[in-house]
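Attaching a single structure in structure tokens format; questions to follow.
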Amino acid sequence: MSTLILRTASRMLTALLLLVSVYLLWRGHNEPGGGFVGGLTAAAAFILVAMAEGWRVARRALGVDARLLALIGLAIAAVAGLLAGPLGLPFLTGLWWKEAGLPLGTPLLFDIGVYLAVMGSVLTIAFAVEREV
Amino acid sequence: MEPFLAVAIGLLVAVAAYLMTDRHMVRILFGIAVLGTAVNLIVFVSGDVTRGLPPLISTGVFGPDQGVANALPQALVLTAIVIGFGLFSFALALVFKVAQRFQTADVNAIGAAEGPFQRSGRADTRTPEPDAPVDQERAA
Amino acid sequence: MIETLSSPVAIGSFFAGSVLAVSAVIALYRVVFGPAPADRVIAIDVLTVLLVGLVAVVAVTHSVFAILDVALAVAILAFLATIGFARYLQRSQQAFEGDSPPARGTDSGGTS
Amino acid sequence: MTWLLIWPILLPLVGAVLAALAGKRRRLSQGIVIVVCVLMTGTAVALLASVWEHGILSMAVGNWAPPFGIALAADLLSAVLAVITGLTGLAVAIYAVVDIDRLRAARGYDALFLVLLAGVNGAFLTGDLFNLYVWFEVMLIASFGMVALGRSREELDGALRYLALNMVATLMFLLAIALLFGSTGTLNMAHLHLVVANGEATGAVVASALLLAVAFGMKAAVFPLFFWLPAAYHTPAFAVSAIFAGLLTKVGVYALLRVFTLIFSAQDDLVEALFWPVAAATMVFGVLGAACQAEIRRILSFHIVSQIGYMLIGLALLTPIAMTAAVFYLIHHIVVKANLFLVAGVIHRYCRTNDLAGTGGLVKRAPWLAVLFLVPALSLAGIPPLSGFWAKLLVVQASLDAGDLAMAGIALVVGLFTIFSMMKIWNEAFWKAAPADGTAAQPNRRSLQTLCFPIAMLAVLTICVGLGAGPALELAERSSAQLLDPSAYASAILGETFVLAHAPETVAGDLP
Amino acid sequence: MLEASIVDWMTGGLLVLGSLFFLVAAVGIIRLPDPLTRMHAATKAGTLGAGLMLLAVCFAAGDGAVSVRAAAIFLFLLVTAPVGAHVIGRTVWNRGRAYRILVRRQIS
Amino acid sequence: MRVVLLAAVLAMAWSALMGQVTTTTLAVGFGLGLLSLWIVAPLFGPKGRRDLRRLPAAVHLMLLFIYELVVSGFRVAWDVIAPGSKIVPGVVEVPLDLESDVEITLLANLISLTPGTLSLDVSDDRRTLYVHSMYSDDPQELVDDIKNTFEKPIREVCG
Amino acid sequence: MTVGVEQIGRPTLRDPWVLGALGIALATFVFALGQIPAVAAGAYPSLSWSWVAGLGVEFAFRLDGLALLFVLLIAGIGVLVLAYAGAYASAVAKGRRLCLLLAAFMVAMLGLVAADDLITLFVFWEATTVISYLLIGFDHEQAKARRSALQGLLITGAGGLAMLAGFVLLGITAETFRISELPAALAGTDMGSLTLPLCLILAGCFTKSAQVPFHLWLPNAMAAPTPVSAYLHSATMVKAGIYLLARLHPTFGAHEIWFPVLTTVGAATALWASIQALRQSDLKLMLAHTTVMALGTLTMFLGSSAPVAIAAAVTFILVHALYKATLFLAVGVIDTHTGTRDRGVLAGLRASLPVTAVAVFAGAFSMAGFPPFLGFIGKELKYEGALAIAQEPGLVVAAAVLANAMMVAVAMVVSLRTFLGERPGSLPARVPPRLMVAAPLALGVLGLLFGLLPSIVGNPLVQPAVTSVLGEPATIKLALWHGINVPLMLSIVTVALGVAIYWGLDRITAGLDSIGATLGWNGDRIYDVVLAATLSGAGRVTALLQHGRLPLYVAVTFVVVGASLIAGAVMDDAAVWALVEIEPIEPWEIGSLILLVVGAGLAVVGRRRLTALSGLAAIGVGTTLVFLMHGAVDVAVTQFMVEALIVILVAAVIPKIPPFEAVRSTRPVRLLRAGVAAFVGLGVTLALLRLAPPVDRKITAFYEATSVPEAFGRNIVNVILVDFRALDTFGEVAVVVIAALAAFALLRGRRNSRGLS
């Protein structure tokens, strides 16, 4: 379904969707949103591209292998949990770094991991399906 | 438990059961999706359904308002939805692959692993499917 | 229920919610009875946009504006789903359903 | 020290990420898998040692005290199962180096395998019911992937059956959790024990108990829900079916043991009434199924079913010795059944088929394989002094001790059928001359060595457990004692004060 | 009830008006004769209804941030609704052409 | 340069979304905007991207969109309430003078939000826009209307 | 040596494995000989290690008179049989395998007889079962050998399992597994409580010792090589059951069913086997049946508690072991020599096999109970014992006389017919290896020696054994001549009867054959029929359960689920409707429910894939609405997004899948499915109605209280996901990632899966 109108619209929307996805991720701890919804939105951005211009273009736009993204996300989530280890705290204990003036902490890192993992996974599946059909 | 919701969810489960006992793979797939949705709803309603307020805390206060919805079941449902999505995606891929390989959507007509139509004999074809080109087999 | 409707906002949201519910049910008619696949897709599109409206009602009713994000997500995914359906309409003509005109009155895709 | 609880879960998960990143570099990813299995086993052994010395170990994940946060917890049963998982995993990992072909490896076998182990360990080590569901799903999705990995016709068909039925089971698990949560408001299993024991058994609680029995029972492949197992286990790669046969059903059994001794400890009448017929029917129908099969892995699959029945005796009788029998059987069967599937793979390499009609002549062609088959086969058949004998003896002793002649009789008759099946395989594959029109092949010597090393490893383990049944039995006895003392489990996880505050008198005590 | 502010009245009114447009969309897809004309109702009335109701939210919140978000959603709808209509309409039309169902056309 | 500009716009959008306009949110928004643009950069051809310099024209165009939407909303409402014989559905081929993708898309969208018309497709040679009209009894009037009302503001924004 | 000679068989005695096996046997024999004085003096050597303390199982051994007698028999005959086997085997590898298996069998048998712990004994018991399986099936490429092996295994294995249950029951009652402590431990016990364990143990003994009706495996086991037959069926395996009867005599001898059961079964076995023995034309099979006959006789005597009867049994164990091994080994020589064992063909072998002739005559005379062989002493003791049996002397005497007469007849067949007369010219004459010839001779000579000098075995062996069996000291004197008494009269009758049978053998055989043909079935056929029926029954049951139809599997699962839910709901005392509170419901809630219901209906009735998919989408929207209206914002977003994604993916895929029309179930099936669906749906509804709010919110209260101050987040749901219950989320992410990788692997090819980095 590669039509001029859809293609153009998707180009206009993709950046916006990515932005929104990061916003949803960031706000997740305090407002509705979070890593999963954010990741899905980010994936939606590229699925839109895939539907408008084909999965090859979308994959190129993504730049990295979607599977790699997913695995990195999983690894980040694991690292976020492991950071508490050296401090003698249990796995996945939230650690906060308040000096920055921003609410930075391992839960956010964890959520970033979720974001990337979800985005990568959904895109892996979507691209695989797109390629087959 | 709200009776209307209970009945509606029961109906969803019944529909899922009906679909999952179909011979067409896509109906089975739909059944899985409906069953997942129904169970997610059950997880959600299991912890008190409260109309209205989401479990958010306003800036500057330390707790939510009175009467917010129970946050825990919501978190559980979220996890369940995501997991369900993962499983469903795989199921979809599998159904697609099976349909492609066997050129049928009838689960009773496949019978490669077992079943009424299982091929007899000793031929052992358990060699992995080569990757590409996709499928040469056109056996019905 | 009515006696609790003490403000224009409350009345408005109650009324709006009810109308939306009625609209949803009406739109559902096309989802169920088609007849063309496109009709169903259009009706589902209406349902999803309707969801945006309902988010607005809930936001106003409970003064929880955070849930506007729901509307955003709905809008995004509804759009994607619409495209997905459209692609289905296009593809389903080729794959298994052949190229012969479908029987009248069923899931026909033609304009009539 | 509490970190010992997370390593058996985290190591394979991280290993899976690394293995997936290694991609087509086969050696690298195999190396990762084996190293991870070794480390995992090591941490599990350390965990077992710790639990043996100091009692139940638990970790409040996220530093949120249970029941608010998720607790990981290991009693002896959990710890020993983690150890066995590590050992079996290691054996299968080595076997897979040869058994898993280029295509399956390239499709990510190694990562799926490690995730499966992570899920299994997670299920063994969690103390939270919903978290148990999550680990079940981790395990399930990995197994879905593994069962279909080769994409042959058999695998795809098997995978479809496996998927559809397990999907129902898994959703019923979730439904049960919902009902239980709706009735109790908590998810921590120790806390659930306190709440359910203190409250009355409402319809929702009973329904959730029955549903959990259905969900875990299906996982464990009990009558009348076992059909997915013989429908699928003979289709995938041998390494895959070996790890499935060894571990997956046992996770179901573990969950049954855990849930029905801990959460529903007060509903002992229900548990016995439910599991007695299930155990008996599972034994009988499983073994009848095996008796009429002519494909090695199908035979073995039906025997899995049958032997799950033996493991349910712990719940069917609910006596200490019955529980000991169940635990011992569980441990024994993981090792032996995985090993038999591994042997089936080697047989396939020699005969190019697992249909008994097409096999033969192996006692001449591969005498050492004959020995390697006989050890697990006789163990499975309960021939002394192998581990299976003690397992069978315990089951008989437990039944007779409880005055349950019928159960003992069923167990013994089923045992005879098991001997029959194993000897059927022996007669056909080893003793019988190779069929003239057979498809015999001569496997490569080096690959045979790699394949047989883990088989020998597991065989030695079986023999050791058999000859050293004393310590193994002590372990099983102590595990069973812990299982049957749920309040001690609750105290260990929730803390003494919490449990006291929720003792039966104070029905609605405040949380600390 | 009487002491309600003008903002409240605006909010309520916009909600009602918006919902009515949804009703129009719903009734439209029932009453109009064919998929393409139904799409007119769905696209336009639906988007307008959503816009009005989002405007109501702006009034109710009286908060810049919320208003910006509402506006963003509306703009998003404004971009996507016609595109959605285009992809569906195109399919329907292509199909109609394939089956030689008469449409009027003008070659300019 | 255009990238920087776009990123700045995105930064402002970000701040707006965050509900507070501070140095921090602007900086973060700018960074994220750059990131987003960098990610989607391959989508734009060498000259596919348009400046947004003509902001006033853009605002005008947006208002036009909204206005058309409101009008068409009521029009549809009327048609639904009283669907008479005046509905003459049909597809009209509108010749296109606009060249860039963005222009064509904007035009198509605008047409879709206009009373009685819905853009169906663009011909492969990008010279014709197929428009479904509820009132296709006078196609030429429709075409003229479209050309006059919409093409100009779009050119102003994009040209 | 007169006819053309042809050396066959290559002694494998130089093989270190075979030599090792021989060495073990010899060492054991010598060791056991050394123990005779101590044992005779009542100082029983014993050993024990704790094995499985939790079960009270010990690895315990004790060498009393009975055990020692058996050890000597097993090891002594073992030496000869191993040597014979080494010579018998046609190839080194085969010989080694045979000898190793025989040695393993010997070790198992030694452990069995020496064990003083029921479980230890059982361990060795099962070992003998398994090894004998391997031995019977030694020529495993022949289907007959495999069948016989399996038959033996199943029958003795079944008995073994029953016995295990008996042992465990006994252990539970006696609170010990120590055999030597059993009589004392059970002293005050009500004998009635021991009936079940006794019966179970007897089942084990009877199957192992081939008592009627479990006898049929033993003749079939003759498929095994001759040394195996000689070893298994003379000294050892079949005697294991007899051994255990003797061993448990002190424990159960006083039980009221002990005597009648053993006597009846023993007598029946002896008679049945003697009749069968006469029918055989194969010498080996004939001998096999006389083994069964001997075992029956032994069982019969062990039923008694009279010291003379026990002495008769013990002596006969020794007698039988010697002559039966002699004869089996000799038949092996004959077989090797002539290539046949058919008594109709064999004759006049005295010239070509002179040494073997001596051995056979010695064995046969002992068997027939002619003086001065040990068999004579044994037979006289039997008659004496039979007369001493208090309850049923008539029956026992009659059975003993008849059985012995048959033995006389069989002995004459084996010796006279085979070695005397005219040798048919067609018989080949290969020279058997010397060692093969020597082994039976040695045993035969021993039979004569012990007959002449009974005191060699009387005091040192038989008397301690009898003491052990009786559990109290007994004095036994073995002598060739007891004077003219009733037993001697009976002996004369026996011989006369035996000779008569021998003369009329061919007619008797023909008569029996015709009876057998009229009956049309025998034990073997029953075994076949039972096995086939079991397997086909199993097949039918399995076909019902494991039918291969996925929809039916799913349906069964749902029925079980529905039953669970309804059972739960029904078990509750409170009435369901009492819990139903109809709360005021808002219009949009009705709308959402309608969406759910209609969507569900559409998913079911949709005849096109898109229609059903639209139903799915409607359900998704309805669900989202439900979440939205109950304050679950994050859930609503997620639900909607996921649902949309599912729709997109499904819509992308299904055009490639055949449409619904292609696959439609019939109306009855649809009705059935609808029934199942309604059942499970009803169950869910009932269970949900059972959920009585309000739910305990303590845990949520904790989250609400700590979310901001301790976890620094205002969206409680998200804080739960990334902090309070982050481990769930961690697992969830793993699921999604792996699902993606797995789906990818399923859909896409290797060609595109380069390394990721």
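Think of it as A, B, C, D, E, F and G in the order they're written, each chain with its own count starting at 1.
Here, a contact is a pair of C-beta atoms (placed from the backbone, for glycine too) under 8 Å apart; a residue touches a chain by one contact, two chains touch by 3 or more.
Everything numeric here is computed off the predicted structure, so don't read it as measured data.
Here the chain-to-chain distance from chain B to chain E, counted in touching steps, is 2.
Across the two candidate interfaces, C-E and A-G, the one carrying more C-beta contacts is C-E.
Taking each chain's centre as the mean of its C-alpha atoms, chain B lies 25 Å from chain D. Chain centres here are Cα averages; for chain B and chain F they lie 39 Å apart.
Centre-to-centre, using mean CA coordinates, chain F is 84 Å away from chain G. Taken residue by residue, chain E touches two or more other chains at 20, 25, 27, 33-34, 36, 39, 47, 49, 63, 66, 69, 72, 76, 79-81, 83, 86-87, 90, 93-94, 103, whereas all remaining positions touch fewer. Counting partner chains per residue, chain C shows two or more touched chains at residues 17, 20, 22, 24, 41, 43, 57, 62, 64, 66-67, 69-70, 72-73, 76-80, 83-87, 89-91. Multi-chain contact residues, meaning those touching two or more other chains, occur in chain A at positions 1, 3, 5-6, 9, 12, 20, 27, 30-33, 36-37, 40-41, 44, 47, 51, 67-68, 71, 74, 78, 81, 91-92, 94, 118, 121, 125, 128-129, 132-133. Looking at which chains touch one another, you get A-B, A-C, A-D, A-E, A-F, A-G, B-C, B-D, B-G, C-E, C-G, D-G, E-F.
The touching residues of chain E, when paired with chain A in their complex, are 76, 79-80, 83, 86-87, 90. Contacts from chain G toward chain D in the complex involve residues 50-55, 57, 119, 122-123, 126-127, 130, 133, 137, 140-141, 143, 146, 149-150, 153-154, 157-158, 161-162, 164-165, 168-169, 171-172, 196, 534-539, 541-542, 545-546, 548, 550, 553-554, 556-558, 560-561, 564-565, 567-572, 574, 683-684, 686-687, 690-693, 695-700, 702-703, 723-728, 731-732, 734-735, 738-739, 741-742, 744-746, 750, 753-757. Across the interface of their complex, chain G is touched by residues 28-37, 40-41, 43-44, 47, 51, 65-68, 70-71, 73-74, 77-78, 81, 91-92, 94, 96, 103, 105, 107-108, 110-111, 113-114, 117-118, 120-122, 124-126, 128-133 of chain A.
Of all the residues in chain G, the ones that touch chain A in their complex are 633-634, 637-638, 641-642, 645, 648-649, 652-653, 655-656, 711-715, 718-719, 721-723, 726-727, 729-730, 733-734, 736-737, 739-741, 743-744, 747-748, 756-757.
Residues 52-54, 56 of chain B touch chain C in their complex.
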